[in-house]
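Here come two complexes built around chain A, the first alongside chain B, the second alongside chain C.
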Partner chain A sequence: MYKDTVIDKKLVHQPKFIGVFFGVWFVTFFVFDLGGSIFGQFLAPVIGDPATSGLYGRFVVAFVLGFFLTLNIFAIGFLPTQRQSLVVWIELAICFVGGFHIFNLSLEFIQSKIWFLISRGLFTTIYVSVISIIFAFIVAMIGAIAKLSGNGFAMGIANFYTSLLRALPLLLLLFLVYLGLPQTGYVIDAVPAGILALTLNYGAYMTEVFRGGIESIPPGQWEAARSLGFTFGPTMRRVILPQAIPIIIPPTGNMFISMLKDSSLVSVIGVWELMFMARTLGQKTFQHMEMLITVAMVYWVLTIVLEIFQRRLEKHYSTVKETKE
Partner chain B sequence: MNKISTSRIDSLKNDTLTRDSAGLTAKDSPNNLIIKMINVNKWYGPLHVLKDINLEVAQSEKIVVCGPSGSGKSTLIRCLNRLEAHQKGEIFVDGIELHDHMENVDIIRRDVGMVFQQFNLFPHLTVIENIIAAPVWVRKIPRSEAYETAIELLERVKIPEQANKYPSQLSGGQQQRVAIARSLAMQPKIMLFDEPTSALDPEMISEVLDVMIELAESGMTMICVTHEMGFAREVANRVVFMDEGQIIEQNDPGEFFDNPQSPRTKLFLDQIIAH
Partner chain C sequence: MKRLIKFATMALILALGTGSAWSGEALDRVMKNKLLKSATSASWAPQSFMNDKNEWDGFDIDVTKEIAKRLGVKVEFVTPAWDIMTAGNWYGRWDISVGSMTPTKARAKVLTFPAVYYYTPAGFAVHKDSSYKDKAELNGKRIGTTAASTYELYLKKDLVIDAVGAPAFKFDVTTTAKKIRSYKDSNTALDDLRIGDGKRLDAVLSAIPTINAAIKSGYPLRNIGTPAFYEPLSVAIDKGDKELQYMIAGIIKEMHEDGTLTALSIKWYKTDNTKTTN
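Right after this comes the complex of A and B.
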C-alpha cells in the first residue's frame, strides 16, 4: 500500500482536539456514574466512601479518568506509528481482559483444568484444522484447474461440487457425513467425519479463490508459454501456478484462521477438541464462564500466532522476486 | 545456428544483404515456401478482421507488415502459430495445415517463435531460467546442455551479464532481447514479431533492432509487424501493407516506400513520416 510521505499535524497534540476529547469522556463518565466501580474504590482516599460521595465523587472520578485517558493518548502521540499501534493494541487487550473481573472467575479452577484442556483440546483442534486445510488446498487446486481446463466433464463436476458444497451449512454437512455415511455401510469415526466435512466445505470456497488467483495472471503469460510449445498442463504447472500461488497463499491463511474456529463445530459429534472441552469441563461445578473464557483466550492466542505467520508468508512471497545472485 | 555477428546497421547498408534479399524473392521456388495463407478469413463475432488474406513466405524471407491500428496485423501473425483460430481458408506452416482438429498444435508452436510487444517474460524465473524453460520442459533437453545454449544466446543478444537477474530488474530493451533469446532457444524455423519495439523508449529501440538485424542476417525466416521504417528498408525482402483486414499492397521496400501504388498506402506513409 502507498504510504503517505508527508506527516500530518498530529491531531492528538492540538489543544482543540485535546479539549474536545477530554470533554466528551468527562461527560460520558459523569453520566454513567462510575463511582461504584473499581475506579471509585481507587479514589476512595480522595472522595471517601464512593457510595456516599454524591456529585462530588462522581465529578472527581469522571475528571480523573478523563484526565488519564487524555494524557494517555497525548503521550502515545509522541511514539512512532508502529509503536503507537502496538501500545494501543496492548491497552485495549488489557481493558478487555480486565473486564473479565466482573464474572468473578475462579483462577484456581482454570489452573486446575487448563493443562488438560490444552493437551487434549488444543491438540485436536490444530490437528483437525491442519489436516483439513491441507486436503482442502489440494481439492481446491484440482477444482480450480478443472474449472479452467476447458474440458466439459471436468468443468461440470467442479461446478456441481462448488455449487452444492457452498450451499450446505457446515453443520448440516457434518451431520450428513457422520450420520449418513454409516447407513451406506461405511462406518466413520467422528474425527475423520469432521475432517471430511471441513475439507469438502472449505475446498469448495477455496476453489473459487484459487480460480480467481489463477485467472488474475495476465493472458500474455499463457500466450508466451503456449507459443513456446507448452501444452495446458505444463503451462499451468511451470508458468501459471508459480505466479498464482503467492497470490493464493494469503487468502488461504485467512481461510485457515476461519477453519480453526469452524472446527469447533465437530464438538457436536463428540470430538474432544477445544470447544467440546469448554462446554463439558465446567459443567459439573457450573463454572461455565471460566472454561468458555479460557477457550476464547486460547483461540485468540492461536489466531494471533497464525496472523504473525501469515504476515511472514505474505512478506516472503512479495520479496521472493528479488535477485537470486 | 549461425555464427554470431556483431555488425550494426551501418555495415548492413553495404551490398551483401540487399543483393541477398533481392535474389531471394526472384529465385523462390514454391517448394521453398514455409508459410502459405490461402483466402484466410477471420471474424470476431460480427467483426470481419481478416478478409481473404493470401500470403506466401519463402524460407529465409523477411517480411515487414505495417498498416494503421486495428487493421488486423496482430491477428494475422497470431494466426500463424494458431494463438488465434481462423474460420475460413487455409494456412500451411512448414508443410502442416493449421485447423481446428489438428493433432498437435504444439509441434508447430515449437518451430515458430513469437516475440510480443509486452515481452511477456516469466516474472518468477530468472533471465537464464526463462531461456532454458522451454528447451528443458518442452523439448526435454538436458539442463546443462540447455544452459550452455542459453549462455550463448545471451551473448548473442549482448546481455550475458544479466543471466541471474529477474525480468523486473531489467530495462525494457533488455527484457525484449531476453524474450528474443527465449524464442531462439527453441531453435525455431520462423520468428514472428508483433511490434517488438513499440513499448520501448526511443534509446532502447536500436539495441533491439540490432539483435533483429543480426538474426535476419543469420538467415532466419522473419515476419515483423513494425512501424520502424528504417528497419524495413534495411532488412525486409518485402513490405506488406494492411488496412481494414485486407492486404492492400506488397512490394520490396524500395518500391513500397518510394513508389506506393494505392492511395491508402500513400496516406499511411504520409502519416507515419509526418510523425
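Right after this comes the complex of A and C.
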C-alpha cells in the first residue's frame, strides 16, 4: 500500500467493528468449548469445576476471552503503526510458543541435545545452502543470458533446462542424482548430490528471476550501448548487468531463505543436517516432538537473521539507485 | 564478482572430487582403507540409535563393531534412508549393512546375505483402550506399518522368507490394500496409534522389541496375540564379492558359536533372539 495523507477514522476504534469483532470471537470460543482447556482452569474460581460448569462455564470462558482479545486490539489501536506491527508480531509469537505448552515438552531433554544438534546439523544446513545458492546464482546468470542472447542453440538449451528442472519435484531430482548418476559410472557422495540437486533446481527458478530482472532494464540502455559500438558481451557486462543486479539481489535473498528449508530434503540420503538430527535424536526415547520443535525454532531464528540481512541488502541497493539518479 | 566465481568453481571441484568412483573388490577396499563402512539407521532403538552421549549405540551397532574388530579394521557408520539401502547397487558408498534386514527373495536379487545373525518376532500392537483381544480380530482394520518393510509385505500377503532355519508362518491377518497405512519408519506409525484407539489407526505391525521400547517410554499401547512371524535377520553386502561374503559368514558363525551374539542379544533384548524359539 502507498502512503498518502488521507486520515481515516481508525477501524479498531469504531463501535461497530468492536461489536462485530467481539461477537465473532465470543461465538467461536463458545462453539469450540474451551472449558476443558487451560482457560477453564484459570477461571475455576468464577465457574467452579470446569467439567461440571456446563453452559454457564462455557459462556463465561468465551465472554472473558472475547473481552480480553477485543480490549487488546482496542489498546493496540492507540499505538503508532510501527509499534502496532511490532506488538502484534510479539503477541503472535508468544501465542505460538505458548502453544507448545500443550505438548508437555521435556526442557531437560532439549537442553541435553541442543548443542549437538546445532553443532552437527546447523553447520551442514548452512554450508549446503550457501554453496548451492552460489552455484545456482552462476547457473541462473548463464541461463538468463543464454535466454536473451538471440542464439538459437543457447536459447534452446536454456529453455529446455528451465522447463524440465522446474517441472521436477526437488525430492525426485535428488533421487535421480543420487541413485541415477552412479549408473553412468560416476559415484557421487550424499553431500555433493544434495548440492547438485539444489543447484539445478534453484538455478532453474532463478534463471527466470534473472531474465525478468535483465528485461526490466529499458531497451534504450541497450540501444545506446549498441549505437556506441558495444558488442553483446560488453553491453551485458558494462551496461545491462550493473543495473540489473540490484534488481536481482532481493529475490535471490528470498530464494536463499527458501533453500535453507528445502535443504532439509537431503536428509533422506543420510546427510546429517538439521532435519536429520531432529528426526534422529529424539527417537530412542520417543521424544520427537521436542526435537522437531527445537529445530523449528532454529530454522525460524535463522530465517529472521536472513530477513534482517535481506532488508539491509534491499536498502543498500535502493539508495545506490537514488544517488545515481 | 570474479573472485566469487573463482571461489565457487574451486568449491565445486572440491565438493565433487570427494565422490570419486570406485571399482574392485569390496574386501580389498575394506582392508586397504582399514575401514568398514556400515550403512545403518540412526533412529531405530534398540537396534541402532544415538545414545545420551550422542554416540552410536544398540544391538546392531555392537554386532557391527565386533565384526570390524574381527576383521581388524575400524568402523564408520553412514545413514542412507532404508529404501536406498535395500535397493542394492551401493557402488562402494558403504561396504556392509548390519541393519536387522530380512533376507527376502526380492532383496536377494540385488543384495547378498552372507549370514543370519538373529531373529526378531514381529507382532501387532493396539491402543491400550482397544477392545481387541486377538490378532484375528484385526482382519480388515486399518493397520500401520513401515514402507518397503517385511511387515508391509506380510500385510499384502507377499512376504516370502527363504532363509535357512526360518520358522514357517501363516497370514493370519488380512486387510485390504486401502487400509494398509505405510509410514517412513515404525515410530511414525506408533505415533499415529498413540493418538487414540481407532483415531487414525486400529493397529500397528512392527518388531516386538520396537513396540516394547515404545511401551516402556510411556506409549499407551499393548501387544496383541502371538508373534505374526519370526524374521530371520541377516547381514547384507552388495552383490559381487564372494570373498567378503565368506569372510563375513565365517565371522558370524564364530560369533554364534562362541556365544558373543547370545550375550549381545541378552544385553539388548533380555532374551536370546539368536535362536528360533516358538
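FYI, the second predicted complex is superposed on the first by the 320 of 325 C-alpha atoms of A that agree within 3 Å, B and C clash if a C-alpha of one lies under 4 Å from a C-alpha of the other, contacts with A are read in each partner's own complex, and residues count from 1 in each chain.
Keep this in mind: a residue touches a chain if its C-beta (ideal position, glycine included) is under 8 Å from a C-beta of that chain, and two chains touch if they have at least 3 such contacts.
As the structure is a computational prediction, the values presented were derived from the model and not from experiment.
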- After aligning the two structures on chain A, examine chain B and chain C and state clash or fit. fit
- Message: Applying the document's definition of touching, compare chain B and chain C: which contacts more of chain A?
- Response: C
- Message: On the A-aligned overlay, A:234 touches which partner chain: chain B = first, chain C = second, or both, or neither?
- Response: first
- Which partner does A:224 reach: the first (chain B), the second (chain C), both, or neither? first
- Query: Regarding the shared-chain residue A:113, is it in contact with chain B (first), chain C (second), both, or neither?
  - Reply: second
- Message: If we overlay the two complexes on their shared chain A, which of chain B and chain C does A:5 touch? Say first, second, both or neither.
- Response: neither
- Could you look at A:242 and tell me whether it touches chain B, chain C, both or neither (first, second, both, neither)? first
- First, second, both or neither for A:179, with chain B first and chain C second: second
- Message: For the superposed arrangement, I'd like the angle with vertex at the C-alpha centre of chain A and ends at chain B and chain C, nearest 10 degrees.
- Response: 130
- Note on the structure: Smallest Cα to Cα distance in angstrom from chain B to chain C after superposition equals 17
- Both chain B and chain C touch chain A at residues none
- Quick one: in the complex, what on chain A touches chain C? 112-113, 116, 131, 134-135, 138, 178-179, 182-183, 185-193, 195-196, 268-270, 272, 276, 279-281, 283-286, 288
- Query: Considering the complex alone, what residue numbers of chain A touch chain B?
  - Reply: 218, 220-221, 223-231, 234, 238-239, 242-243, 320-325
- Message: Residue numbers of chain C touching chain A in their complex, please.
- Response: 4-5, 7-8, 11-12, 15-16, 18-22, 42-46, 49-52, 54, 78-81, 84, 87, 89, 91-93, 187, 190-191, 213-214, 217-219
- Query: Within the complex, which stretch of chain B touches chain A?
  - Reply: 81, 83, 106-107, 109-110, 112-114, 116, 118, 120-124, 126, 133-134, 137-139, 164-166, 168-169, 179, 182-183, 186
